[in-house]
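Please read the structure below before turning to the comments.
Note that the chains take the letters A, B, C and D in the order they are written out, and that residue 1 is the start of every chain.
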Amino acid sequence: MDFAFTDEQDALRQGVRTVLDTECSVDALRAFELADEDGRAELARNRWAVLAELGAPALVVPEAANGLGLGDVDLVGVLEEAGRACLPEPLLETAALAAPTLAALLPDRAAAAALAALVEDDVSFAVGGVDVTVDGVVSPTAVSADGTLRTPRVVGARDAAIALLACRDADSGWQLHAVPADSCTVYPTPALSSSRDLSTVHWPLDSETLLAYGVAAEAAVSLLADRAAAGSAALLVGLADRMLAMTATYAKERHQFGKAIGSFQAVKHQLANARVALEFARPATYRAAWSLATAQPTLSHDASMAKAMASDAADLAARVGLQVHGAIGYTWECDLHFFLKRTWALSRAWGDAATHRRLVLAQVRRGAKGTRTAMSDSRQ
Amino acid sequence: MDLTFSAEQEAFRAEARAWLAAHVPADPLPSLDTAAGFEAHRAWERTMFEDRWSVVSWPTEYGGRDLGIFEWLVFEEEYYRARAPKRVSQNGIFLLAPTMLEYGTEAQKARYLPPMASGEEIWCQGWSEPDAGSDLAGIRSRAARNAGGDGWVLNGQKTWASRGAFAEWCFGIFRTDPEAERHRGLTYFLVAMDSPGVTVRPIPQIDGETGFAEIFFDNVEVPEDQVLGEVGAGWSVAMATAGSERGLSLRSPARYTEAADRLLQLFHQRGGPAASADAVAQAHMDAEAYQLHTYWTASRVARGHAVGVEASCNKIFWSETDVAIHGAALDLLGPDAELLEAGAPGEWLDGYLFSLAGPIYAGTNEIQRNVVAERLLGLPRG
Amino acid sequence: MDFAFTDEQDALRQGVRTVLDTECSVDALRAFELADEDGRAELARNRWAVLAELGAPALVVPEAANGLGLGDVDLVGVLEEAGRACLPEPLLETAALAAPTLAALLPDRAAAAALAALVEDDVSFAVGGVDVTVDGVVSPTAVSADGTLRTPRVVGARDAAIALLACRDADSGWQLHAVPADSCTVYPTPALSSSRDLSTVHWPLDSETLLAYGVAAEAAVSLLADRAAAGSAALLVGLADRMLAMTATYAKERHQFGKAIGSFQAVKHQLANARVALEFARPATYRAAWSLATAQPTLSHDASMAKAMASDAADLAARVGLQVHGAIGYTWECDLHFFLKRTWALSRAWGDAATHRRLVLAQVRRGAKGTRTAMSDSRQ
Amino acid sequence: MDLTFSAEQEAFRAEARAWLAAHVPADPLPSLDTAAGFEAHRAWERTMFEDRWSVVSWPTEYGGRDLGIFEWLVFEEEYYRARAPKRVSQNGIFLLAPTMLEYGTEAQKARYLPPMASGEEIWCQGWSEPDAGSDLAGIRSRAARNAGGDGWVLNGQKTWASRGAFAEWCFGIFRTDPEAERHRGLTYFLVAMDSPGVTVRPIPQIDGETGFAEIFFDNVEVPEDQVLGEVGAGWSVAMATAGSERGLSLRSPARYTEAADRLLQLFHQRGGPAASADAVAQAHMDAEAYQLHTYWTASRVARGHAVGVEASCNKIFWSETDVAIHGAALDLLGPDAELLEAGAPGEWLDGYLFSLAGPIYAGTNEIQRNVVAERLLGLPRG
């Protein structure tokens, strides 16, 4: 039993933080939101190049596939820092979802080609077509009359070179595809957070892009959903940490009734409650990363628990953050809103806290805290 | 005890419902935080005014129908039920007007109320300042006698003025006695926004729109007859307005019962995890409890009693109910909640953002809890 | 629209409060809890006699049956005062459940006889055999091999002259009986609150005691459940009010860190939240009484809403009350515990807040907010 | 990072599980707040001590096994899993012993620790006073040099002493310098409860039992070697104990994971409204999160770091988790919740009453939230 990060892991996290402090400062977020379409794409491209130079996207790609060969416990701190910085680029999607999903499908040719693009061409990936519900994993991908697939809420599609997309129909079950961007038609979706790039993607069903189907695809998609829950929990922990830090700083500076508002118990106790929630969401999130890294049989349970606790902790930090900032926090000029919006979106993406609570309970009722694949029959 | 409306009140309800059905725009107006939307909403106020629906509880001479509080509540229920436009004139008609009816001169009432009722003149409020948010008594904007002695010169800065970007008039309090401390020496002024020396800086909101504004006053001349109430009595005059803001008139229960009804529909359409059923049921109950509480208080008022300090509970309750209703809707929408599409998702998201301001403005809920503890439970100050 | 009590109603409530301030003071509650069985019975008898003299038990009995001919809106203030005083005797059961249930069954002979005992002999009634669940009203009464019925958690059986008891079996449906005490065997149940007298009652099924069966009994039992929800809401409102008053007083007197603890925001805001919950539970409770008095079609909805809100308000007042009292509140010497225990018991009796929230939702979903009778088919 | 226990640790777990299976009384012992129950619990301590299970983390010379913090956590997990009796000696072994091991003389450790480990001498704490509850620095009980100069004379009153009615010894702080203010001039004393001048008044609890006591000190003579740590350093010595109380050693996570498991069983047996499913799931997660957090902190400690101010979060979290677990169980029991029957309902009701004390003792959660805000978030005091 040694529930701690290594010095190397701490150093990696610190390195990412240092880079993001510059590359993804609040000024950079503001410029990103105000930029036109071309400017936005260029800013995204430049920041992604810096992340790629750090090795972040290929962190968990095996060395045999020219990746860094690290694991999910190394990655979790990096994701937490990405959350903390409100990084708009699809690091979760590329490094924590696409990379390990593709690596697990090697030596499949399509997977190998996509992974090579990730590692060698430093491209980012979009991910979509998988939703988490209390009844298990479902696909929102729709098939239209002409055979085109339509997947809503795909993250990162505008800038991605390849989209990892899933679909499911009742007859043939799940399919997982790696679709080149030039085969996709991308319709950006107006959404809450400028640092979460959502689109509806139209794409052709093509055997050339098929990575897996049937049982293999279902397993891959289920594991991807667990990865997404665990990874988004890490982002949310980072977001909560940042919002609490910003709010504590503001509470020390803002004076009313002749003293810093942070000296009022009403403010202190709200912040303390949010701090306590974060304190206990964190080990749950790190445990989920370890369960991923070591393929624990409790993985689905652990990932759901992490997402439930991190979503609640981040939602509380957002709520308290806005309340303590008062009207200032309600303005675009205040930095807070970038983090609020990202939190409100992410706490509900990949299954919200209530959904994951039910999934945790279903796992516990099954006794073994088994894998999520079998969850669709545990409706209650 | 009788919780039914009279035949006359039901007839009034039917009349209001019919008028609204015939007149409410089929498509939602553009956002009132844009110039075009502002004017569209002003036109709607004019439409209502022409048929005497804009201020039903006001005296007839100023454009109202001289109706009682229950009729006003009935009208509001129908108004929200019809999903009629937001009231661009709400700061004036719900916050300033009750104060003016109590403290204003006959000349002031005759001058200001009719164009307020018709939407010809829209008012914003100049309450908060950068360093006087929750602590309103910390106001530093000041008014001094002008050289001629027949008016005042205003200097300072106000902020968080809703509709401030487009309004014709502003009401607010300024310090007229710089020696007096905190709640003393303040005076309530009415200021034309086109007065020389007034500068407006719109403040972009969290959603990118510009509902708020900062207002800068640089040697703004204001004549004597634009003082509301006594010079130096601005705090008590202002508190009367704040009282109505927290009390009965700003947040009519219909707003919450209507939103809770829509939440129920969303739940029926979408289903949702069992956890949501509790949130949906609680939202329905809280909205209805707020409605009942308003009937309870209105019955006291109708019997000639004052609203009472219980009204300080209202602000906490409606603001938290509003957040809960919209939060529950976003939970039902799940991964669609972040979409800013027209129709259901975007509307709930807008509503959620708006609801989050509720526990902050009109006296933060922290301040309100102090008030409840001190005035209703007798706990010591400080 | 006139949502207010009359001066007469206010005066009645004030009269009851004045009497209970003496007859049911905390000292009296303490003596009652410490008394032996005979002493307890005598204290109960004496206090009931005072209540009977006030006319409280027969308040809603029609004048034609020699009652006071008042209504539920008159009664609700009296029940609130009984809650405020933590009255141990079964006023809810006798005045708000047995009396109107029997009156509605007139001129039935058994009902008339029982009602006469209530009005003329000033006896108290026990009530049992009805539970409220999310699936509607059920009976916990069990039938044993020898034909004896066993009803758990009957309130007030030790001192009652007559027990109003319900049972149900799948074949013949509901039955409602008025069983004389001398036909019952009463086994007192150790329970949380000494001011709530619970027993398991064994009783014989006897056509002589039958008040109603089948559809008529089901309607009577359903209405009784609504009456119980509305009436216990009034008791809980009174309990919440009292606990808040006691706690505010304590917070003014107790000093720590050099000042009254009530001047700390942490204490103020907890109390304010409880006060707000009570403020809004109250009109809901009064509305339920009016809906009872005027037989509104929304009665079941209104009664459930009252019980849900009053249970939550009282539970919150209890929680805050104990937290603010600190260790003192955890002692038997402090007055608070009488009210805490009564609250914890009553907030779950006759359906807890979660149950009634579901019942409210079921009523709303049915569109008409219909009566509870038909609720068993609205399971969801 | 490795979240598995080593083979040695698993072997130790198996050994503990086997011993407990063989020795834990089949029927629950009578309440330890009665004289008979107290002695039955003392006998259980003796049984554990004889096989070296009562204080596994202590040095072997005092009756322990010199095991590390993870082994202690494993033992606790097995202890709660076995539903073994409450620890009547917990104030001594979990609160006093860590302090004594750090601040005690060799003679003190040799004198006091073995009989503490065996249950021969049970300790209660003399912390709070009637006017010093949350505000411990307000302590007024005092100790003065005795006439001979070889000891101390204690006067004053302590309250809320758990087990105080039956304990042999008491530890607590007394004011030795009456001129010093608040946290200064306090000294940590060990007092035999049979000393002349000690009077105990049991305090009946909310449930009628007498777990607490008031202790009156009337010129109680205490020899010099019953001072723990330096004279005048009582506050820092006491805070070390309070630190362990709030930190790792008093509330082992096993207590909550065991209760959450029982709650899950109750939910499976009884079913329950859907609303309960969320409460049950949250209880499970919170108990497990507390366990994980403890492993996290213990890993720091095992690497030689201090526990850290994060421990102030623990008290808030475990106490609220405990209330939530037991409240959820009562909700599942519904109308049966008020029954004091043997078995499930009564047990959960007892547990609920006990849990409600959690947010109060060992520093109220209000005080803890101040600590979290000030020490973890850097907010200003006052």
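FYI, contacts are C-beta pairs under 8 Å (C-beta built on N, C-alpha and C of every residue); 3 or more make two chains touch, one makes a residue touch a chain.
Owing to the predicted nature of the structure, the values given are computational and were not obtained by experimental measurement.
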Chain whose average C-alpha position is farthest from subunit A's own: C
Chain pair with more C-beta contacts, B-C versus A-B: B-C
Whole-Å gap between the CA centroids of subunit C and subunit D: 40
Mean-CA-position distance for subunit C and subunit A (Å): 51
Junction residues of subunit D, two or more chains touched: 274-275, 277-278, 366, 369
Numbers and ranges of subunit C residues touching at least 2 other chains: 264-267, 269, 354, 357-358
Interface residues, subunit A side, partner subunit C - complex: 264-266, 269
Touching residues (chain side subunit A, partner subunit B) in the complex: 131, 133-134, 140, 153, 189-193, 196, 198, 255-257, 264, 266-267, 319, 322-323, 326-327, 329-333, 337, 340-341, 344-345, 348-350, 352, 354-355, 357-358
Parts of subunit B lying in touch with subunit C, wherever the complex brings them together: 1-6, 9, 70, 264, 268, 277-278, 280-282, 284-286, 288-290, 292-293, 295-296, 298-300, 302-303, 310, 313, 316-317, 366, 368-370, 372-374, 376-382
Touching residues on subunit D, where the partner in the complex is subunit C: 128, 131, 133-135, 138, 159-160, 203-206, 208, 212, 273-276, 330-331, 333-341, 346, 349, 352, 356-357, 359-361, 364-366, 369
Interfacial residue positions of subunit D with respect to subunit B in the complex: 274-275, 277-278
